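Residue numbering begins at 1 within each chain, and the chains themselves are lettered A, B, C, D and E in the order written.
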Amino acid sequence: MPENEFFAAMGDKIGKTIEKKLRYYFEVKNEDLHDVVNYIFNTMGCRLSTATATELYGGIEVLYHFSHDATGTYYCPRIIMKDKKKPQMKSITPIVRGAEWIEREMAEMFGIDFDGHPRKEPLLTRNNPTVEKLPLRLRRIS
Amino acid sequence: MGWYNKRLAKSIWVFHVSASPCNNCDIEILDLLTPRYDLERFGIKLVGSIRHADVLLVSGIFNQKVGPRVQQIYQQAPKPCFVVGIGTCPASGCCFKDSYNISKNIKDIIPINLYIPGCPPKPENMIAGIVKLVEVLNA
Amino acid sequence: MSMVNNIPVGPFHPLLEEAEYFNIVVDGETVVDIDMDIGWMHRGHEFISEQKSFTQSIYLVERICGICSTSHPIACVHAFEDVDNIEIPERAAYIRSLVGELERIHSHLLWFGLAGHFIGYDTVWMWAWKYREPILQMFEIISGNRNHYGMMRIGGVAKDVDPARIPEMMKILDMVDDKMNMIIKVAKDDPVLRSRLKGVGVLTHKDAVELCAVGPTARASGVNTDVRQDEPNDAYGWVKFDVPVLPNGDVYDKFVVRALEIIESTKICRQCLEKLATVKGPILNNVKHISAGEGLGRYEAPRGEVFHFIKTDGTNRPIRHKVRAPSFNNIPTYVASCKGIPLADALITLASVDPCYCCTERSLKVVDINRDPFQIDLLKLSREKTQQIRSKIHE
Amino acid sequence: MNSPFILLFVAVPAIVALVNLFLPVLLRKLLNLLSSLFLLYSMIDVFFISKSAELLRGDFGAITIWGQEIFSVDQMSLFTLFFIQILAVIILIYSLKGVQADAQKSFYALFPLTIAACNGVILSDHAISFVVFWGLSGMTLFLFALLGRTKESPATAVKTILIMGGTDALLVMGLALMWVLQGQASWALSALNTPVTDGLSWLAFFLVLSAAFAKAGGFPLHTWLPDFSRDAQVESAALLPASLDKLLGIYLLARIVTTWFTISFILNLILMTLGAITVITAVMMAMNQHNGRRLLGYHAVSQVGYMILGIGSGNPVAFAGGLFHMINNTIYKSNLFLTLGSVEKQTGTNELDDLGGLARNMPITFIMALVGALSISGIPPFNGFFSKWMIYQGVLETAKTAAPGYQLWILVCLILAIFGSALTLASFMKFLHAIYLGKRPEKLKDIKETSANQWIATGALAVLCLIFGLAAVAVPLKIFIYPAMANAGLELPAFSGLYQPILLLALFLIIFALGMIIYVITKNVRPDEIYLGGMAPLEKFRIVGTAFYNEIRNMRGLKGVYDAADKQAFDAYAVGEKSSLALSRLFQKAHPGLLQLYVLFIVIGVVVFLIVL
Amino acid sequence: MRPEYLFYLLVFPGLLFTGTLGLVVGCVDRKVSARFQFRVGPPFLQNFNDFFKLLGKETIITKEAVASLFISAPFIAFSMIVLVSAMIGTAMFFGVSFGGDVIVVMYLLMLYSVMVILGGACTGNVYSSIGAGREIKLLLADELAFILVLLVPIVKSGYVLSLDGILAAQQDGLFIGSASGIIAFIVGILCIQAKMTLTPFDIPEAETEIVDGPFMEYSGPPLAFWKLSHLMMWVTFPFLLILLFWGGFNLSGLGILWAILKYLLIVVVMIIIKNTNPRVRIDTALNFFWKYATPLALIALILAVLGA
């Protein structure tokens, strides 16, 4: 079973895990993210579906969705950033090229600074004359 | 000008402006040109350059990025030039009216001469609308 | 030694039915690089959805895109159902798959037509769209609408299929099969068409995997990914079908993959219709409440995997509704597949992934702007405008 | 009989050149202008005012020294002389202002020297004086190249002088050979008449021919020309390779095929083939140039092909066409060089990549360049079309009488020539597009129209283009070329085709006026920004046009040829330099580029021949 | 200049005749194309409406354009087409040549491309510039074959250059009846397909790629005249082919029917080619013409020289 191997290989790098039918949501620390993603993407051959950023009371969480196509299983590493003012985390674009756009979109929406992202510019609001140069999330405050 | 308007009514070249719609109106506009509806019967032709256009078919809710461009496009069209708003979006904003990224007042961006509501309007509906325009021109 | 030039494509360009902007960097007419700028279609779907109840959300996601206007609802209801593991009735499953597959047929036919239009082959455009009309007719038979069918509900579907009209629909499917075989034959025989498509805009297997491409774009590059076989929900576990995968990754393969998929889809539709003639039962399980949790739904739309993620807190609104359409993953493959090919080829390559920008650019929450909706009396406005034209012309 | 009148054409410019060495720049200009105008007036007087009968008959002017007839004039030399004076005056008017400041002094001294040398070549009837003046004109070319200020100028100068000097030596050998073959009768050139029959006469023919080819820029001795065009000053590029050298080279060629040799049909075929090859190779190279001057340089080569084709065909219509094309080419080619020079002086560059959209800044220059470009591409009603049309007709006439195999051969040459003019059109569309059309780069926003003297000069050339195109039969053919041909003993041409330029222009203008009337009645004009699908017309959205023909360049089969050409594989000079290093080293040692040495070589050569024979 | 030239030029077979016939044939083209695509197509006088409508629209001149060139380019091209049609038509209907011979016609036709390029490129629009580049490349592609095609009747008629002379030379046998004639005729149809920039060679004005290329910035009357001159080519080029290979028209009795049939045949063949092919790339077009059409035309020329 790939998932058993995965959890065994990662060991204590995996935090709190929610397990549902064909879905694994687990917390990962920022410094372990690259190891985990590397294993999921390169060793297990998963495909990155997308990533979801959500603003919660306790901070901003980013949830990556990796699909293991052979079994139909989803692996969702979750990063939680406590600092809402200046959220910062590692970019996985150097490992997964396909993550470029989704990380740019999240950066634009939530002001998350993706460390090591090759192209840090807004995805949707380039050439947009009216949107302020702030993450869209901050517009609620003003 | 009566004689000229009759010529204009018989030869409407449309330019399709999609200002952040859900794509469905656009597809239905193209559908109008295809065998079942065949708008070329009325001399209507889809053109690629705004300089050749007589009628702008506008669909969508005009988000903040595309709004100024639509305005620019309208200014670049040679007059006389009419604007037809296709679908519910240019008329009322449809379900997107709560969004943060739409232009507040479409009227200020582009003067729409004719609305064809519907989500999306049926091709028959659009033909009826365009025939109305033709009738106005012919009157 | 020669100069590098920039060519803007868009926001309004005949190649793009939707407003979109590419800055194509060319040397002579050879593409060196493509810089994509999206966001012209950004309407803030995710934000709006978070203010709506679950049922309203389905109406909304249908309007993400007019072409895949049932894929998004299916993925969305899958996500809702995934939160509580809700089962749906068997008949409803068949209807869902039927509608989904019909949409694939109509979408691929639409793409054939547009692809023909883009390479200046208007006859193909007209023919493909002529054969697409009966499919839309089938939608009218099933749902009453040509587009935006409004069929999906949490726990089932909204409308039933009348068994008396099944033979009629079977006939249409036969016709589509027939024409698809013809189109494949044309693509194989016509030397001019082949020269225009073969070996153009190659997306290598490696690039397809690394860029996480999905759908026919990936399958034409030899990546065997299809939600219908990977996670067979609805009726896909019960029907037989193949997933065509081709190795070359050029436009020609994308063309053929889609043609083969249409034939597979008609197979599925037939099986569904046969079952619908026999399987009886309810079409909707009433779902009263969705508990707090996370749900993840996906569906193989015509362009690839549609992905919906729902986070709920026990109320009747999602606190986060994430939508990822297939084109969002496929559009970045342009750069990989367009480098070093002539401009004319690059443009058909852009079209070859069947991009759907409306899908790509929904997005996020935020902001409590003072709402100023277009509360205008439609009829009155229309009359006013017409009056304006009239007076303008009479003067 | 001595006639001081003829002597004027050599003596006056030579004296001016000498005097100019000691004068300030302003006086140099004045003196030059005066002398050139005087000479031009003398020629106009001969042709139009007093119609000096003796001169026109050709039995008037001859300068005899020591019993040897040095200078004499016949119809062909007379009209060539006339065009040398016309171009000299026009180019001088152009150079009155704007010549590179540091080269000005030498330029105004070299200019009359060049004129003197060229006039001398045309007037010479004595083999030795012919060779001396011929060599002198090559030498001025070398000096002009040295005046250039680009990095490659010295190398180009050496290349030019090597090719020129080498072919000069061949010319001397050829003349000597002819002298021997003719039984050592006389040194007078007009007395030469060698039937090309046996091996030695063939050799003599090709030896002399090579000199004509090198001077005019025929294939394969053309390679100095594009380099020279790029590296020399633009005035000298317009003066020598574009006009005077053409006149000299083709004049020599016409002499060769009419009087000096009696050639057979096979030689006609060879000449026509060489002509067609010159047309097509040079124009194919020109298409892909990125430097404006080099592009024009290659065209200066390709146009020679038409003249060789016409003159080599042996048909009177084509012969007349070839001579006419020679005149036309000098007019429009110097026009093109000069307009490019104006652009260069205003913008400071001649790299096509850096230019664009100048038609709005320099409308007059643009119109002149447009006329030149249309003429060179052979678009009716300009002059280039008329001469090409004559050449095609003549070639077809030649084909008509030939055997089927030869017919096909001639037709292929013709096709290449006609296609060459389409290619010419193509490369000039690129040239015009890159400089005058398309989007203008921001930095060229404030470019002003060029000074009056420059556009007067180019304007005069453009007007000549139109006049010679419309009234081709009435003016240039009847006045200059037919008499020359009659004088040379050729039959007068009869056109088999039909072309009425004035009628066509009149009818064209009627329709055009009708269209403009409709436009003026219906017009409703509004200025607006460029439409780019909603994007702002930024500066980066610009197509220069230099890469128009990348597809052709990269075509399978052609790519290799072009790549090789870029590495100078087809440059006889470069190949010679590379392949025979030892020889080349010797060669270069012998020709260190020193003028004195070079003159010495000529003198030694002549002396050696005199001793040997 | 004789007064009847004005009649030839302005009424028949020049401006009025060619213009009207061109607009009508343009409708035939649209109608037949529509039938190909299971559509009804526009009304029969659609092109007239289009033309008059465009006359009443605004003329927009871009701020970067050279206004005089931009405006005069379509009118020059138009005048040129009228002139050429008058020359061809006069030779065909009256047996009178004026103005020029085959070579003149060939070079005048080049002027059309020149005007397209100058008019399009002076706007400073990037698409127009690309279109101009493609236009000239297409000219290069078809010109070589076109020259060969034109040489075949010249050779076959015994090196006669004038239009009426070539027509007269066909009294004892149509050129199309010989092997060389028929090959050259077929290549000729392909060439005029490219000269008229019809699909598959509508590369310079590819609407979905470069938005009508050089004509993109045109609007109002200048655009009307571009369209008109383009439609007039539907007359000029087929007439030229009929003149060179098919013995012109014999306008008496059944000859009229034959004339119409001949003309319609060429037009319909062109429409069929247009509707059954996708647009090719410019390098494909170059390859096609240089590597296939030109050798074929050369074979025709060889045959013609040999008398076949």
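Here is the rule we use: a contact is a pair of C-beta atoms (placed from the backbone, for glycine too) under 8 Å apart; a residue touches a chain by one contact, two chains touch by 3 or more.
All values reported here derive from a predicted model rather than from experimental measurement.
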Most remote chain, CA-based centroid, reference being chain A: D
Which chain's centre, taken as the mean of its Cα atoms, is farthest from the centre of chain B? D
Which pairing of chains accounts for the highest number of C-beta contacts? D-E
Mean-CA-position distance for chain D and chain B (Å): 59
Geometric centre distance via CA averages, chain E-chain B, whole Å: 35
Suppose each chain is reduced to the average of its Cα coordinates; what separation in Å results between chain A and chain B? 41
Distance between chain A and chain C based on Cα centroids, please, to the nearest Å. 25
Where in chain C do residues touch two or more of the other chains? 5-8, 11-14, 19, 21, 29, 39, 42, 125-126, 130, 342, 366-367
Listing for chain D: what residues touch at least two other chains? 526, 528-529, 531-535, 541-543, 548, 551
By the touch rule stated above, which residues of chain B touch at least two different other chains? 34-35, 48-51, 65, 69, 73, 76, 78, 100-101
Inside the complex, what are the residues of chain B that reach chain D? 49-51, 69-70, 72-73, 75-76, 78
State the interface residues of chain C toward chain D in the complex, per the touch definition above. 1-3, 5-13, 19, 21, 27-30, 342
Considering the complex alone, what residue numbers of chain A touch chain C? 18, 20-23, 25, 47-50, 52, 54-55, 63, 65, 67, 69-72, 74, 76, 96-102, 105, 109, 123-128, 136-137, 139-140
Within their complex, state which residues of chain C touch chain B. 11-14, 17-19, 39-45, 47-48, 51, 59-60, 63-67, 69, 110, 113-114, 125-126, 129-130, 133, 146-148, 356-358, 366-367, 369, 371-376, 378, 381-382, 385-386, 388-390, 393
Contacting residues of chain D [partner chain B, same complex]: 526, 528-529, 531, 534-535
